[in-house]
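In the two complexes that follow, subunit A is the common piece, with subunit B as its partner first and subunit C second.
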Partner chain A sequence: MWQVIGQQKAVMLMDRSVKTGQFAHAFLFTGPPHTGKMTLARNLAQALNCGSDNRPCNECSSCRRVAAGKHPDVQVLQLNLEDRKKVITIEQVENMQSNASLPPYEGKYKVFIFEDADKLSHDAANRLLKTLEEPMPQVVIILVTSRESDLLPTVISRCQRIEMPPLPIAVVEEILADKYGAPPEDAALLSRLSRGRLGWAISALQDRSLLETRQSRIGDLLEMRSASITKRLSYASDLASRFGKSREEVDDIMELWLRWWNDLLLVSAGNADRIVNLDHESELAEQAQNLTIPQLTRALRDLQEAGRQLEQNVNPRLVLEVLMLSMP
Partner chain B sequence: MKVSCLQENLNKALGIVGRAVASRTTLPITNNVLIATEDSKLKLSATNLEIAITCWFGTVVEEEGAITVPARLLNEFVSSLPSGRIDLKLTDHSLHLECARVEANISGLDAEDFPPIPEVGDGLTYEIAPEDLRLAINQVVFATATEDTRPVLTGVSAELEGDTMTMAAADGFRLAIHKAPLATPAKEKLEVIIPGRSLTELGRLLAEQEEPVLIAVSPTKSQILFRLNDVTIGETKARVELVSQLLQGTFPNYRQLIPQTYSTRAIASTSDFLRATRTAAIFARDGSGIVRLQVMTGAQDQPGKISISARSEQIGDNVGEIDAEVEGEASKIAFNGRYVTDVLGVIHEDNIALETTTPSSPGVIHPIGSERYMHIIMPMFVQW
Partner chain C sequence: MTSEVYYRKWRPQTLAEITGQEHVTQTLLRALETGRIAHAYLFCGPRGTGKTSTGRILAKAVNCITNGKGEPCNSCDMCFALTQGRALDIIEIDAASNRGIDDIRELREKVKFSPNSAKYKVYIIDEVHALTEHASNALLKTLEEPPAHAIFILATTEPHKLLTTILSRCQRFDFRRLTHDAVMAKLSFVCQKERIIVPPEGLRLIAKSVSGSLRDAENLLQQLVIYYGNEVQLNQVEDMLGITNDSRIRQLVQHIAGKDLAAGLSSINDMSHDGLDLMQVNRGLVDYLRNMLLAKSGAEASLDLSADDRAQVKELAGKMSLEEIVRAVKLFGQIDFRSRDYSSLPLELAFVECLVPEEPGGTAAPTPKAKAQPARPASTPKPRPAQKPKEQDPPSALHPQAEGTAESRLDYVKAHWEEFVDTLRGAGSSGNLDAYLRSACEPEALDEDGTLVVAFKYLFHKEKVEDTKYRRMIEQRLATMFGSPNKLRCVLRVQNARSAMDGHLVKAALQMGGRITEVVTDESTTGGSDE
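Our next item is the complex of A and B:
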């Protein structure tokens, strides 16, 4: 049983490859975060080493140990958090290569999964090229990334590329309600907020703190709309200092704002049925009354521009202050 | 599990399997040693996923069971205990040890999660005398490459055919070939590449054996097993098995590198040659290790000699001479000094022969009085 839900195309391809025994020696699983890439990678590692007829069976000792990260032939390479390195280092790749020169310890294939392959340092990626091109038989390499554009083209061209796109909102809603027993209003809200990333929706369903964080961020946003300039600026500098610690958090906040302004635009244009923030319909309707469509499109464009500038390492405090000043 | 054994036995057994415990690993459980009862013996296993060593030794088993505990911790603890009886008892997920007036609890991990020690089976088996195997390993394994750029060169090629085992190792600059006799003729030809590290560990284990070592290879040729039946642990003989993963790939065809002829052959004392090379190597350190050898024929009834020199622009130079029986013409050749000292250090015969042709073709070193060993070194190009 493949455990990835939704991604029929990718799953079918993997299933067929495993059944016929004809598969690439290197895969690239690419798609936005939380779309099931790592699940599929682990599943593939299980299927390659599973002894039963219906591979992967998820039940045999081999499958269970792959799932628990205890299988000697399946190795997940990721950022080394102890070393506080920001890249996957050349040493990690070299260790992996010497490991790959030996036959599988107990299973049929050695599987190396690079979680966040985009974090491979330039040198490490180059060192990997030879192995990616012609690894030893019985070695399968899976690169997993949500930022394909950060990978070297020479790496991408050596792998079979498997796209794992976000699912349609309706599909996510259906899966949440049917398979995870989510109440209809939760299923509707989470599927929209997830933007098709099923993994995110499921974790938000199981972990309420994600939604609570979102509520408090919406609260901040509503407060800033009516706040004085000094308050806005102090919020901007607060965000900038958080950006130094965790880019992801600020990216998430900006993403939330983007959805919010987009919803406002939808409401003003009379498409209120397509909004994402279903639980704030009345606030959206109220705010939309005081804003014109050109104002909203400008706000959206400012947000996108700010996001681009942050990506390009412009001083975060300046970017965020400009954004807060221009916010209608 | 409830067993008791002697501290010195447990300590020795832990020392044996401890060599296979992983040091830097992606699988934390491989830092542990597996302790289990089997056929009223205590079984200890450790693996780093490349080498696995298992040791069975006699104990009093009262209750069966299995657990894994951190190897280094257990080893340090047991070696610090006074000699005498140790009682081991399994409680939930920890191992309780009692010895004299010391008690300890070591928390462990489930034995089921321990990577299974590969089963090799008795498909292809071979036997070799331990001292022959040890000599072969000693004379070959140092020539393996240490870098991983070509994984097969980090291993030793072993060919078992008829009544000989040929081991060869090469790192691109030197080639060591050893032919050892098998204790019983091989039924089927076997060619494998064994990681150098595994053989080094095996060599350490082979110190006191008398019975032949059994070699078995899995049908898929992915693992090789060495079984030692009489490792001394305390008063008893214990069984120790070392299983190594085999390197996959083809070993370069080294036979075509063996020079067929020579124009100069010099026979010299191994120890004199070694000492003179070591002396020269001191001066060679700065000059990328270059040691120059000049073989000179003796004038009429006089023995010939080899002059061994090194020089460095900054430090200075030295010249040493040793007597040699020279056949053929005078010659000059330069080697990396370390390669010469490495090979002379593992030859036990009194005399060696150095065979050369031109300064740019490889030199061959043989022991005199043994046909088993041959060592080939690539020369270095120097301005004479």
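Our next item is the complex of A and C:
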């Protein structure tokens, strides 16, 4: 049983590969976060080492130990959090290479899973190249990434590239309603908010705090729209200090704003039925009245630009202040 | 047992099998035939173009027992051992894993010993760009004058990272990206051997999407075969590559041509909701718009389309002006999909901007120059000879224009400003005075008393020109050339919009209750104002 929901193409491909025995020695699973890449990678590792007919069975001892991360032949390489390093180091790759030169300990294949392969340092990635191209027999390497553009093209070209795109919104909505028993309103809202990332939608369904955070952020946004410059600036500096602690949080907030302005654009252009923030329809309609389309496109461009600048390590406080000042 | 992937299984084994790099293989073949083999080769080029393969074949060819000149036979013991990777004298080094100076020192020690069984000891150093600088330097002497039995083959995708001293010691071969036809030829070869049936158009689609890397193409082919079995239909290839069919793209173009904002946005959203790959959609869209551009500009002959499609393209092109099409191509062509967040926003934005032009004065705040424009009537000022000139200087016959109004004289000065600057060439400030005047300033106004006001963009130039001795010099020349004006006053006009009152800080200050008491042309080039 493959445990990935949706992603039929990727799952079919893996299933057929395992059944026909025609599989590559290196895979690249790429797609946005929360689309089931790691689940599929673990499943593949299970399937390769599983003894039953219906691989992966998820029941035999081998499968269970892979799932628990205790199988001696399945190794997951990730950022070493204890070292507080920001990359997967060359030493980690070296260890993996010496490990890969030995035959499997008890299973059929040695499987190496690189979680966040984009975090491989430049040298580490180069070091991996030859192993990735022609590893020992019985070695399978799986790279998992949500930022494919950060990988070396030479690395990508050596792998069988499996894309795991976001699911269509309607599919997410259906899965939420049918399999997880979400009430229709929640299913509609969450599927849109998730932008097709099923994993996110499910965790938001189970953990209401995600939605509460969103509500409070929308509250902030609404407040800022009418707030005085002083308030806006103090909010910007507040955001900047949060950025120092957690980039992800500010990225999420910017994302939320983008979706908000995008919704406004949709409303102004007569596509009100396609908005994401379903629960704020009236606010959106009201705000859209006072804004022209060029204003909206400019606001969106500004937001995009700010996001780019933050990524390029421009002083976050400056970027955010400019953003707050230019917001209509 | 893992079945071998195609790019390993069908790795070429003779020089003739290397696809699309004839300029390399021909040269190497000739070198082998005449026995003129260099001791160091450098193969560089993009991924998947055959560098490592060529290196291995070359190693085989020089050591082949039966032939030894030209192609390897692939049947003698030596060739066999090499193909299996167990020949002792062919040493393939992964430079990215053995990148330190100690690894190279070890290599230098071993290179001295003569080969075990082969004629030559061949070192294939792959990914050589990853060597550290010290390691590269340690290699230099060996690379320049290795023992007679050693051949070095370096391979890399990033030759710009190599030391120039390494580059100059090697015979360099640049591998090219493969053409679509070359990729197709190799793919159909693999198909034939593997008994796979793929329509030629399908192979062409694969070739188009891999940007000249054979390894990528072979990977895609294998994915297709695993997924769909040994017979693959064209639409299945399209599916795998995420290529959108034409009708939806045409629909979107129709919305652009018809300026239908709501319908266009909703069709973009539909495509996104249906899980189409928006990057491919955009690629198709730009292609389509480009075809329209060709049709519109009369280059119809270069359209590679069926008669039906051509008629449709022409019809749509008829609905838009050339400028509109160019604008659309630009807007959609600029979309950057590198971040790959699968959002439909970039497409939506481009679409909206295509239909709704920026508000006047939107992003581009008027520059001070533009603001100054209305102050002067745009129409050509008529000389009014009736009015007597007011300057004290007697108008000389040489300068008839000096008689006009201040305005017309200013125009005259402006028209001849470049000539004037030219006359200053080589004068003052180690001969650079003209340079200060040329690019950094322009005449702005003419006062009643014959003072020319020159606006500078940068403080530096202004200060230089204001230096008394240079100003004198310029004033003299002004007098000889124009008669009047004959005095000079310099002001600073920072050109960009930030200097105006619409800076973020100024706005913020105003909203916080500040008020502008004085606008100071700030000396520190940035310009700005304070309350």
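Methods note: the second predicted complex is superposed on the first by the 328 of 328 C-alpha atoms of A that agree within 3 Å, B and C clash if a C-alpha of one lies under 4 Å from a C-alpha of the other, contacts with A are read in each partner's own complex, and residues count from 1 in each chain.
The rule we apply is simple: a contact is a pair of C-beta atoms (placed from the backbone, for glycine too) under 8 Å apart; a residue touches a chain by one contact, two chains touch by 3 or more.
The structure presented is a predicted model; accordingly, all values stated were derived computationally and were not measured.
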| item | value |
| --- | --- |
| Clash-or-fit label for the pair subunit B, subunit C on subunit A | fit |
| Which of subunit B and subunit C A:R42 touches, first, second, both or neither | neither |
| Partner chain in contact with A:R158 - subunit B first, subunit C second, else both or neither | second |
| Touched partner set for A:H34, first subunit B, second subunit C, both or neither | neither |
| Which superposed partner A:R55 touches (first subunit B, second subunit C, both, neither) | neither |
| Touching partner for A:M136 - first (subunit B), second (subunit C), both, neither | first |
| Subunit B versus subunit C as contact partner of A:Q97, first or second or both or neither | both |
| Partner chain(s) touched by A:R214 [first = subunit B, second = subunit C, both, neither] | neither |
| Touching partner for A:H280 - first (subunit B), second (subunit C), both, neither | neither |
| Partner chain in contact with A:L13 - subunit B first, subunit C second, else both or neither | second |
| Touched subunit A residues, subunit B compared with subunit C | C |
| Smallest separation of CA atoms, subunit C relative to subunit B, angstrom | 7 |
| Subunit A positions touched by subunit B in one structure and by subunit C in the second | 94, 97, 137-138 |
| Residue ranges of subunit C in contact with subunit A within the complex | 1-3, 5, 8, 46-48, 52, 94, 96-97, 99, 126-127, 129-130, 157, 213, 215-216, 219, 222-223, 225-227, 242, 261-262, 265-266, 269, 273-275, 277, 338-343, 345, 348-349, 352-353, 356-359, 362-363, 504, 507-508, 511-512 |
| Partner subunit A, residues of subunit B touching it in the complex | 24, 26-27, 29-30, 49-50, 112-113, 115-116, 118, 148, 151-152, 154, 195, 220, 222-223, 245-249 |
| List of subunit A residues in touch with subunit B within their complex | 61, 65, 68, 70, 72, 75, 94-95, 97-99, 101-106, 136-138 |
| Residue ranges of subunit A in contact with subunit C within the complex | 9, 12-13, 16-17, 20-25, 32, 94, 97, 109, 123, 126-131, 133-134, 137-138, 140, 147-149, 153-154, 157-161, 163, 165-171, 195-196, 228-230, 233, 258, 262, 265-266, 269-271, 274, 292-295, 297-298, 300-301, 304, 321-322, 325-326 |
